[in-house]
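Next come two complexes built around chain A: one with chain B, the other with chain C.
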Partner chain A sequence: MFRRGQSTATALLFLAPFLISSAIFFFYAFGRAIYYSFTDFNLFNDPQLIGAQPYAQVLSDPSFRRALANSLVFALVTTTLQTVFALLMAVALNNRLRGMAFFRSAWYMPSITSSVVITLIFLWLFQRRGVANYLVTQWQTYQPLILTFLIGLVVAQIIQVLLERRAGQPAGWFDPALAATSALGAAAVTAALVFLGVTGVREVPPFDYQYFADKWITLGGVQVLSIPLLVIIIQNTFTTVPTLMLFFLAGLQNIPGSLYEAADIDGATPFQKLTNVTVPNLRPVTFYVITVGLIGTMQMFDQVAVIGSAAPQQTIVTLAYYVYTNTFKAGAAPVNMASAAAIILALIILVMVFVQRRFFPSEAR
Partner chain B sequence: MTVLQTPHHPAPSAAARDRWLARRRWARAGWLYAFMLLMSFFFLGPFLMGLLSSLKDDPNEYPPRLLIPQLSAQYIGAAYDLGVQGGGGGWNGGLYPGRTVTFDVQVRSPQGTPAAPPSVALFPYQPVSLVSLTRYAQARDFAQVQLTPTGTVGDVQAYRVTVRYPALTRQNGQRVTGELTAPEGDRLSARLESGRVVPLILDTPEAQAVQFSLSQYQPVELVERGGRYYLAGPVFERTPLQVDVQRGQTLVSSTLPPSDRQNFGRSLAYRNVTPGILGYTFNNYRRAFNETTNPATGTSLFFSWMLNSFLYAFLRVAAAVVFCSLAGYALARLNFPGQTLIFLAFVLFAQMVPSQVNLVSNYVLLNDLGLLNIWGLWFNGLVAAGGVFLMKQFFEGMPRELEESAAIDGAGPFTTFWRVMLPQAGPALIALAITQFQGAWNDFFWPLVILRENTDFTLTVGLSNFRALYGGQGDYGLILAGAVLSAIPVIIIFVIFQRYFVDTGADSAVKG
Partner chain C sequence: MKNALCLTLGLTLLASSAAAQTAKTLTINGYGGTDQTLVNDLINRFVKPTMSKEGVTVVYRPLQGDYNQALTTLLAAGTAGDVMYLPAETLDGFVATKKILPLNGVVNTSPFIKTLNSAFTRGGRTYAVAKDFNTLTMVYNRDLFDEAGVAYPTNNETWTSLATKLRQVKQKLGSDYYGTCLTPNFDRFGAFAYATGWQQFGANGRTNLADPRFAEAFNWYTGLAKDKVGVTPSELSAGWGGDCLKGGKVAVVFEGGWIVNFLRDNAPNLKFGTALMPKNNKTGQRGNFLYTVGWAINSGTKNRAAAVKVLNLLTSPQAQQYVLEQGLAIPSRTSLQNSAYFKKTEAGAQNARLVFQGADDGNVRAFTFGAQGPDWAKPINEALAAVLSGQRSAADALKKAQADMTTFQRR
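Moving on, here comes the complex of A and B:
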């Protein structure tokens, strides 16, 4: 369109601010980090090359190993949870009903507020005498009623479906209209039983669990996942699901409706439609969501930094936080070790993305 | 794909089948809405709980209540009245010299228990603070409390607590407020609201007695008469009152509910009996601003954090709108060697590498340049790779004809970009501005690394400091109030520009 030489010059001019700032704050920094990771730099001395020793030091540091394990567990669990939940929620939101725009906006709230704010709120919710423990106490208190209701619901549903089928209607086990009636019936039965004194609320001591303590879920004697990190996983899923849900929603709207009509004609159940039509067609989006999820979760920092001393260090330390604390350690900071850890973190992310791209092709079959 | 065979049954009539299907559709919609509502509670619940609890006197109360006195019309009205009585007005409250405040307490003493009156006293309140805070004068040292019985109904006795704060001067004249400046020797002077500094006259022994106990920044009320200013006394933001009832007695009601009950319900603390609406319902919010005073300047640190956050967000948005659209346009529409390489390396690769890698180098570099402040922070994230990606995706979607017709008219690349393409890019620019604002406002890692002075902090860094300083003591009122305040700007922007949020990224990412 434009003459080539002129075009190149213009393009470089347009790109200049971006290229210059990236060169200084990204590529130069990246290079320097690699360089530091082979030196004895501690922020105050003149760096001397000492070979791969910092890497050896980092790898033998128990704190780094804990950070590595925490990061990997966190990334895998969180990415899985957020992808699955985002997909299911997007499917629910994709129904063409009145008011869906409102719900979409309401659900999006956790994504717009800062991780610091949400971490603070979660710290408060998960206090020893906090709302989370209160809800557990309530659940324990009302357990007999809830169980009665659920049993009533299932029994009523089975009876109703069998009756409908005898009447010649093709009722499914999860038929929504029958389930609504079953729920009403079960509620009435529960109320009657409470009135007769057959069942009732239990007296339970307040649930007094301390979430931000040195508690671990172990697997064969190995500490896999700490409870504080589990709280961060819940929180992170809570904040990221809405954004990822939007990606899925955008993808869902690109699936031709004719596919669903064909499935309907074949008499597919909603679950079959999900696994046979929706999921395969969403493959490119799923690929993108998993990539973004892995990159984001491997770099998780904010939550750990905000929680800080409120939980024992080894329960929540991640690679990103390890790099940060080693860079700003009081006294002579082992910046070379921090750089080495950062390079290792970058490599893990790149390998993860590469593996995912290589072995899980994004194209729809 | 598996195919389900519909089981064969005697078919009901077509009309019955239609009714059945319609009923099913309605029920499905009903379940769906119920599910949506449930999920809305899940996603909004923590915020609503946080918002509600940030208004409470004690956000840690257990079991948590949803109905709180801070939102009841009766108590808000009482808080307003008490603020007016204290002299600070119905909104701000406070206790001013020469005012008298009355507060009613009803106590039940059942048969056989002493019907002796409760004991009342003012107690000191010294806020814990982010930095060593100015020590303000306490109402306890200036005001007197008196208890008078006002009647008995059955086994309930009513009492009236009167808080009297005599003025330190007996002069009459116009009342003005100001704040003390740093004392020079033994001479006190005050800065009026107009900014003028005037010498103070201490004309009574009571006034002279407090000459050396008041510190800088102490708000005071003065009486002006003939161009001379007499000290009427310090002004108190709050008047904390304690009421102890006798053994066996219980509190029935009081003008405001007690903030705290100790000693098996016998010691009742009222953190502020002259609150005004701001001091009652929005107490934690007011504390967030007032209790973070910087001793060097007397200004609120929280307020400066807020300004810093706005400044940083504004700078980021301005830079992104200019530079990202330029770079995005060049990558999308101009042909030049190395285009793909630049895209892969500078945009995609840069987004993949964690920012911790660049931590040391950028910190050292900005430190050498003396830029460990907002400007360095801005400089560090001048052109966001994500923003370039967004603009590139947008420009790629625009029709070629626009440029072609511009080229036919003899426009160069810059004119084409500036006159033809950019005016078309409105929605994309808004989306870009919003994502950048949100990103900058919520940014935590780089501000934490780069900002070193607590006056330079952005809100996120300041709030994480709140956590470190107040969280240990369980003072979540302040933390929650700070969190709510810092969430408000993004929420407002979200409500206004909702559809841009919802469209941003999602479409471009899926297309890309």
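Moving on, here comes the complex of A and C:
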């Protein structure tokens, strides 16, 4: 009995730093936020209980509704994209290839880089005179050459394959050796056409798309997704895929090789092996990846804060950013509204995870 | 021997801690960045000598990053300085905290320019004394006008005559050069709206962007973007007007006295001149902003008497003369209007004189956003950005801005 008491005490002693910090910075803070969400607190007054009024104010605030819509769209699109790409990347990296260690580290780089730095790089890439627009301009400039080359390549490949087949050789449409010859031929034809002046580089005005402007993808007249938010989605997918890939990679190592051998014997294609062996066996990992992805994307804040006034606020505002801007203002601030929004955000995440647990079981079948 | 040494050391420590307890420390909060050196210098010269005689140590604690947010946090936590900067544009939010001491009967505000005092007055109570101020002027690149053979902008320029000059410069110098930089922001555009006689808030406290006077200014301002006579700073990879002028490709920008030190440091060879803001053709008036920051006192200070003394020292005639000569801003004391500095012919002094003259010439308004804070300007900024970048027509943008403004003001 004494020994058991002693071991409990030891366990508590070791857990104390974690328990104390979560009691102060989580349970106490969460309790305060719930309390403030029912008061008229503005950082400077003595809070008085006013019931659910802050919730009504928040729900009727158009900027909150925009933040809610943005957060939900962002969470769904980003989580889907990052899960699919992470799985595909993990499958690709699970092969035994020369130099695999290099690719594994190289692809992991975006995840260990600070998100502020990556956001700044993306801001620069998607500026009005940024790299994205520069590449489009280059594409437009060299389009005649590229198209001539591509058409030449396809035509040469078709001719070569038909000739080979006529000669009784089993040539495939994507035969690499033939493709190399076709490419050489196409390059020669393109060069000749440029020399003759038939085709050439075009003079085009610089492509001038503003990615961080008030532009929206609409569905039936409803603004669904803004272009600035789309840029953030691309960036977020780019930075989170490597981390999630690691989870999938760990999961893949646990799938017995005998299952793939059996599939091979049954004559399954690589796609069938992916959908019928890999995906079902990765279910516990997938559940974890989606849950972490949803929670992370619903709380997205840093990218919006760094982009700040570079894009119109309504195009990128998320729930976490809405909570922040309503808490830190110049002077008295509607902290009660910010708390109410934070509680609503927490409830939404809770419901999302619950629904996922209920309808998408985490155990492998 | 060892014991004696320990005893001496102990006694010295005790004595010094006792001295620290009796000595008062007074903290001043202000901007970081370039202000830090200047204000520290100001405090060392004009505040510390007097206050140290009374046993008060004065410490300047600059707040880096977003000053308003940092000050809010300190005020809420009860750890803000005794004396602090209070920007006029965020006055309403801070007054609502009840942490700013009303200065009526505490400080004599009569030696200061009236319009500046009224910028810090709400409901009959004055909450700060303007430390200095700035207005907008028209700053131009002399070389570009010489090269294009176009006369320099004058103090009698109208919107039309100025636009003609800018177009001529653009035509003569070619596509790499621009007439002006147009910030898609109320903090510059607003001055033109005021020139037409437009009011920021109507009698009902609402803002009317559908007012024909507002539309007139909006159309003139955004109309300059046609044929690239006016460009936004971002199109030239610049952050603001001074940055545009620095590059030597822009003829005119609308900026305040802060541009002088910037050009001195970043484009020492650029020959610039200053003229007053252009007049609206119909009203014959100029429009302008009074940008100002005041000194305020924390209502929770434990050293009120010392804080008042420090505030008076910071705004004393000597301190203000020093601020003027540093070329950072224009002092707020009426008596300094005849300062010899204003009469100098050097470009910086000439700019200072015109910034000063701009304070009461035409329709001049304090730069504020009203009780709802800086979010008020968003619909206007978005409309300007949309039209200047060619995404919307002016009429369309104004319609949307008015709808957004109505929603915002209903909150």
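What we mean here is this: the second predicted complex is superposed on the first by the 298 of 365 C-alpha atoms of A that agree within 3 Å, B and C clash if a C-alpha of one lies under 4 Å from a C-alpha of the other, contacts with A are read in each partner's own complex, and residues count from 1 in each chain.
Note that in this section a residue touches a chain if its C-beta (ideal position, glycine included) is under 8 Å from a C-beta of that chain, and two chains touch if they have at least 3 such contacts.
The shown structure was predicted, so the numbers you read here are calculated from the model rather than taken from an experiment.
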| item | value |
| --- | --- |
| Touching partner for A:Leu193 - first (chain B), second (chain C), both, neither | neither |
| A:Leu274 touches, of chain B and chain C: first, second, both or neither? | neither |
| Touched partner set for A:Gln210, first chain B, second chain C, both or neither | second |
| Superposition-derived comparison: chain B or chain C, residues of chain A touched | B |
| Touching partner for A:Arg129 - first (chain B), second (chain C), both, neither | both |
| Touched partner set for A:Ile255, first chain B, second chain C, both or neither | neither |
| Which superposed partner A:Leu72 touches (first chain B, second chain C, both, neither) | neither |
| Which superposed partner A:Val155 touches (first chain B, second chain C, both, neither) | neither |
| First, second, both or neither for A:Ile24, with chain B first and chain C second | first |
| Touching both chain C and chain B, counted on chain A across the two superposed complexes | 43, 127, 129 |
| Chain A partner contacts - residues on chain B that touch it in the complex | 1-7, 9-12, 17, 20, 23-24, 26-33, 35-36, 39-40, 43-44, 46-47, 49-50, 53, 59-60, 62-64, 322-324, 326-327, 329-331, 334-337, 339, 342, 346, 350-365, 379-383, 385, 388, 403-404, 407, 412-414, 417, 438, 441-442, 444-445, 448-449, 460, 463-464, 466-468, 471-472, 474, 476, 479-480, 482-483, 486-487, 490-491, 494, 498, 501-502, 505-507, 509-510 |
| Chain B partner contacts - residues on chain A that touch it in the complex | 1-2, 4, 6-8, 10-12, 14-15, 17-19, 21-22, 24-26, 28-30, 32-33, 36, 43, 89, 92-93, 95, 97, 99, 103-110, 112-118, 120-125, 127, 129-131, 134, 137, 165, 167-170, 175-180, 206, 238, 242-243, 246-247, 249-251, 254, 263, 266-269, 272, 276, 284-285, 288, 295, 298-299, 301-302, 305-310, 319-320, 323-324, 327, 335, 338-339, 342-343, 345-346, 349-350, 353 |
| Residue numbers on chain C that touch chain A, as the complex places them | 66, 68-69, 71-73, 75-76, 87, 90, 92-99, 234-235, 237, 373-374, 378, 382, 385-386, 389, 391, 407, 411 |
| Complex interface listing, chain A residues touching chain C | 42-44, 61-62, 127-129, 210, 213-215, 312-313, 328-333 |
